[in-house]
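Structures follow.
Below, chain A partners chain B and then partners chain C, in two separate complexes.
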Partner chain A sequence: MIKRQRSWPIHLTLIAACFVMLVPFYWVLKTSISGENIFSYPPNIIPRDPHPFYYVDVWYAIPFARYFLNSVVVSTLTIAANVVLNAMAGYSLTQIFPGKQFVLMLFLSCMMIPFQATIIPAYLITGKLGLLDSYLGLALPMFSTIICIFVFKASFDAVPRSLIDAARVDGLSEWRIIWRVMMPLAKSAVATNVILSFIWSWNNFMWPLIATRSQDMQTLPLGLARFISYQEDTTGALYAFCIMVLAPGILLFLLAQKEFVQGLTTGATKG
Partner chain B sequence: MSAAAMETSIKRPRFAERRSTRKAVLVWSFLAPSLLIFLLYRILPLGWNVVLSFEAWSPLKPAVFIGLENYQEMFTDDDVFWQALWNTLGIIASAPAGIAVALGLALLVNSNIRGRDVYRTLIFLSYPLMTVAVAIIWRWMFDERVGLINYVARSFHLADSPIPFLNSFTWALPCVIVANIWQMLGFYMIIILTGLQTIPANLYEAAEIDGANSFRRFLRITLPLLKPSLFLCFVIGMLNSVTSFDLIYVMTNGGPGHATEILVTYIYKLAFNQTRFDYAAAITVVFFLLLLAVTWGANRLSGGNVGAVEHD
Partner chain C sequence: MSFEDDLARPRWKRWLINRFVLVPGFLVLIAIVWNCWVFTHNHGVVSGRVVDAAGTPVAGAEVKLWVFNFVTFNERTTTQTRADGSFEFTDNPSHNIQLSAEKAGVGRSRIPMRLYFRSEDITLTQPLRLSRESDDK
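Now for the complex of A and B:
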């Protein structure tokens, strides 16, 4: 029998915590739809004469569609490359081959190198490859991730050997074994890969800041940060832009909540 | 007949050998693209940083070997470096505060109450969001004129005049830390929650029969068994906040003065605003060694399996 504690103090504390987590969103949302001067004091808790003008302003003040397109292209490239390259590497690690220990050691030590500690050479290397200010250059450093390779490896390890042997006897090539036999059985690993690489590339700020020069190549976070520097937050349009950037992320999170939480925590515990 | 048998017995090992070579080639070719990326963007940069840190070089003049001069300048002659280093360490030291709050929340969410999934979702919500947007939100919260925090402080007469939080030498760093903890809180909570759920319930029952009160149960059962999860939170939180370039770049850009400068923002400014790649590389090397040391220390304290990857 479960002893039921009095639950209202718990509810009260948790509601307070959720309040703290949500109020900042509300404050920005409120600002983005207020009809009055956003600098009047005291600030209104509830927006007066709500209107969507700031959202229209965003559309005219900045190339929002262009930023959005750039973000989508870079993220799509990153996600596709991650799924393919990580699946291939993960499959290799389920095999026995000369030099396997070396590869594992290499991967584990690479994990210890945060991207921020590589920016200068990364910039110089990308420049030497002639990829600065290009979609490929923006996505390339994130094309493969060690954490995700191990996620694939763990999930491939769980596929029964007899199934792979049967596929070999049927004459399937290793390439086909990955795509026809393994991948359909590793759906959750694919989901983790897609979610992690999407979040990393979509939210990435530092690398696009370094690797892009022209405004045409800027991604959403970069556009958002640049918007402050020439609008000096004198306008509600900044906050409308902020909401426009956040809304798809929040929506996506609420729709695929379980996968997000699972993906992000496996991503963390594995690396 | 016997000749044919001999032939196959000779041929077979050679055939097997050829097959295993073919397999090794195949495996390595599957690994090659990923290895190339890591070589290009992890290993090579690490080495290049070290080499660059011993040189005087900029894109316009040829490299000259200058030994430890960059390091000498950094340690003896650069106040900003020291400030950035202390700020970085300060942010690392703030991680346990966030983890403690998250531990409390995780214990509450783990209790048998209605709507726990809703609480969990709402608290986790801020973690996967774009940090640049989070920084803008918090800039606005801390705004001097109409920020919510100033408004509340003034309504309750905690402050007589508006506090210019992000322009104040005392407040700017704590404000950045608050924003950072706000974003990481849900993540810590989920990690701790996962840890809590692995603790077998019968341990608590046994302790209860032995007459241990709930505080002692927490101290003697929950906390020791959660140690790996807590240290995992610390290592990830530390890496995340120390490298939270986005947050600081947008919220304060290291200012006022260098009050919120961390090593990463300083490296960025040196390299890409002042084109001092050589000196920035030397600081990067120190930064990297610092991260290694802290991670190693946390690993030792936790009993040695933080961030370890399960592999055979």
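Now for the complex of A and C:
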């Protein structure tokens, strides 16, 4: 007879962990609608006289709609490129070819190089291509990420070889095998790619700071920095801006969290 | 819904009826409705009434519209109340304003107002109440 373990200690621990994780978010949200100074004492747990006007202030203080559009366009380009290029790279790494181990080691070692170290070559290449201060140029360095390639590789590795062999026997090209056979079976990997590439692109500050010249091409993180630099008495408006920047990422994560977790754990239980 | 059930649905249903389309679609719908509302209510009309401490309408009081400009309120325009104490501005360009009313011998009053969008048409629910006390401030 299997003895049922008591679950309440686990739940209690998880609730406490959730509380610790969510309190900062609650605090930002509360301040964005109350404008309460962070140094006020005693601090109010419940917002006092909540109102949405700090959000209105942010909307009009900077060209928020323009920055939002820029961030959306850059993130969309990044997501599309990540899904396509990473799927192709991930599929190729599931095949057997000379030097595969070397390529894998090269990818793994490249993960240790921070983006800041490659930012000058990235700038020069983007400049030579004439893409500085453009959407494509803003998205280009994030078109493919090694972690996401390995997410696809792990997902594709879980597909039986016999299925791919059957597809080849039926006359499908490698390209069609990726899109007609592998991708429908790798929805969780796609969701993981979408979420990770979106969050990295959405929150990226340094590359847009370097690659943009005109104000019209700036993205939301740059807008936030600009907002802080010239606004006084920003407590409420600043927190409202943070919520407006965070909301799309949180929404996307909540929408795709099931696939995201599946994508991260695919392959982890193999072997 | 299982994977097989999902595949059994028509392709257009699979593409359109899922949370990745419905949630953003709902948000876009809210944005469209909100923008329609803004578009039809942004004529910059600010109206209200001015009364004295006893609640009697004050005619001929000077009412000023102040617009928040970065760090301070700047005077935008001035008008006079009518016989019934009512006033109206038609060119408010801002979402953060103040209204001040004053009449010699009666008193003065000033109220800040936050609007939901620029040039929002608004009618004061409470009249500007002139008093000597605010005159002293």
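In this section, the second predicted complex is superposed on the first by the 192 of 271 C-alpha atoms of A that agree within 3 Å, B and C clash if a C-alpha of one lies under 4 Å from a C-alpha of the other, contacts with A are read in each partner's own complex, and residues count from 1 in each chain.
Throughout what follows, contacts are C-beta pairs under 8 Å (C-beta built on N, C-alpha and C of every residue); 3 or more make two chains touch, one makes a residue touch a chain.
For clarity, every value in this text was computed on a predicted model and none was experimentally measured.
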item	value
Partner chain(s) touched by A:166 [first = chain B, second = chain C, both, neither]	neither
Which of chain B and chain C A:72 touches, first, second, both or neither	neither
Chain B versus chain C as contact partner of A:52, first or second or both or neither	second
Which superposed partner A:242 touches (first chain B, second chain C, both, neither)	first
Contacts of A:88 with chain B and chain C, given as first, second, both or neither	first
First, second, both or neither for A:158, with chain B first and chain C second	neither
Touching partner for A:16 - first (chain B), second (chain C), both, neither	neither
Superposition-derived comparison: chain B or chain C, residues of chain A touched	B
Touching both chain B and chain C, residues of chain A	none
For the chain C and chain A complex, residues of the former touching the latter	19-20, 23, 71, 95-96, 114-118
Touching residues on chain A, where the partner in the complex is chain C	51-53, 56-57, 60, 232, 251, 255-256
Complex contacts: residues of chain B adjacent to chain A	23-24, 26-28, 30-31, 33-35, 37-38, 40-46, 48-49, 52, 105, 108-109, 111-115, 119, 121-133, 136-141, 143, 145-146, 148, 151, 155, 182, 185-187, 190-191, 194, 232, 236, 239, 243, 245-246, 249-250, 264, 267-268, 271-272, 277, 280-281, 284, 287-288, 291-292, 295, 307, 309-311
Residues of chain A touching chain B in the complex	2, 4-5, 7, 10-11, 13-14, 17-18, 20-25, 27-28, 31, 38-43, 85-86, 88-89, 91-93, 95, 97-99, 103-104, 106-108, 110-125, 140-141, 143-144, 146, 149-150, 153-154, 174, 199, 202-203, 205-206, 209-210, 220-221, 224-225, 228, 233, 238-239, 242, 245-246, 249-250, 253-254, 257, 260-261, 264-265, 268-271
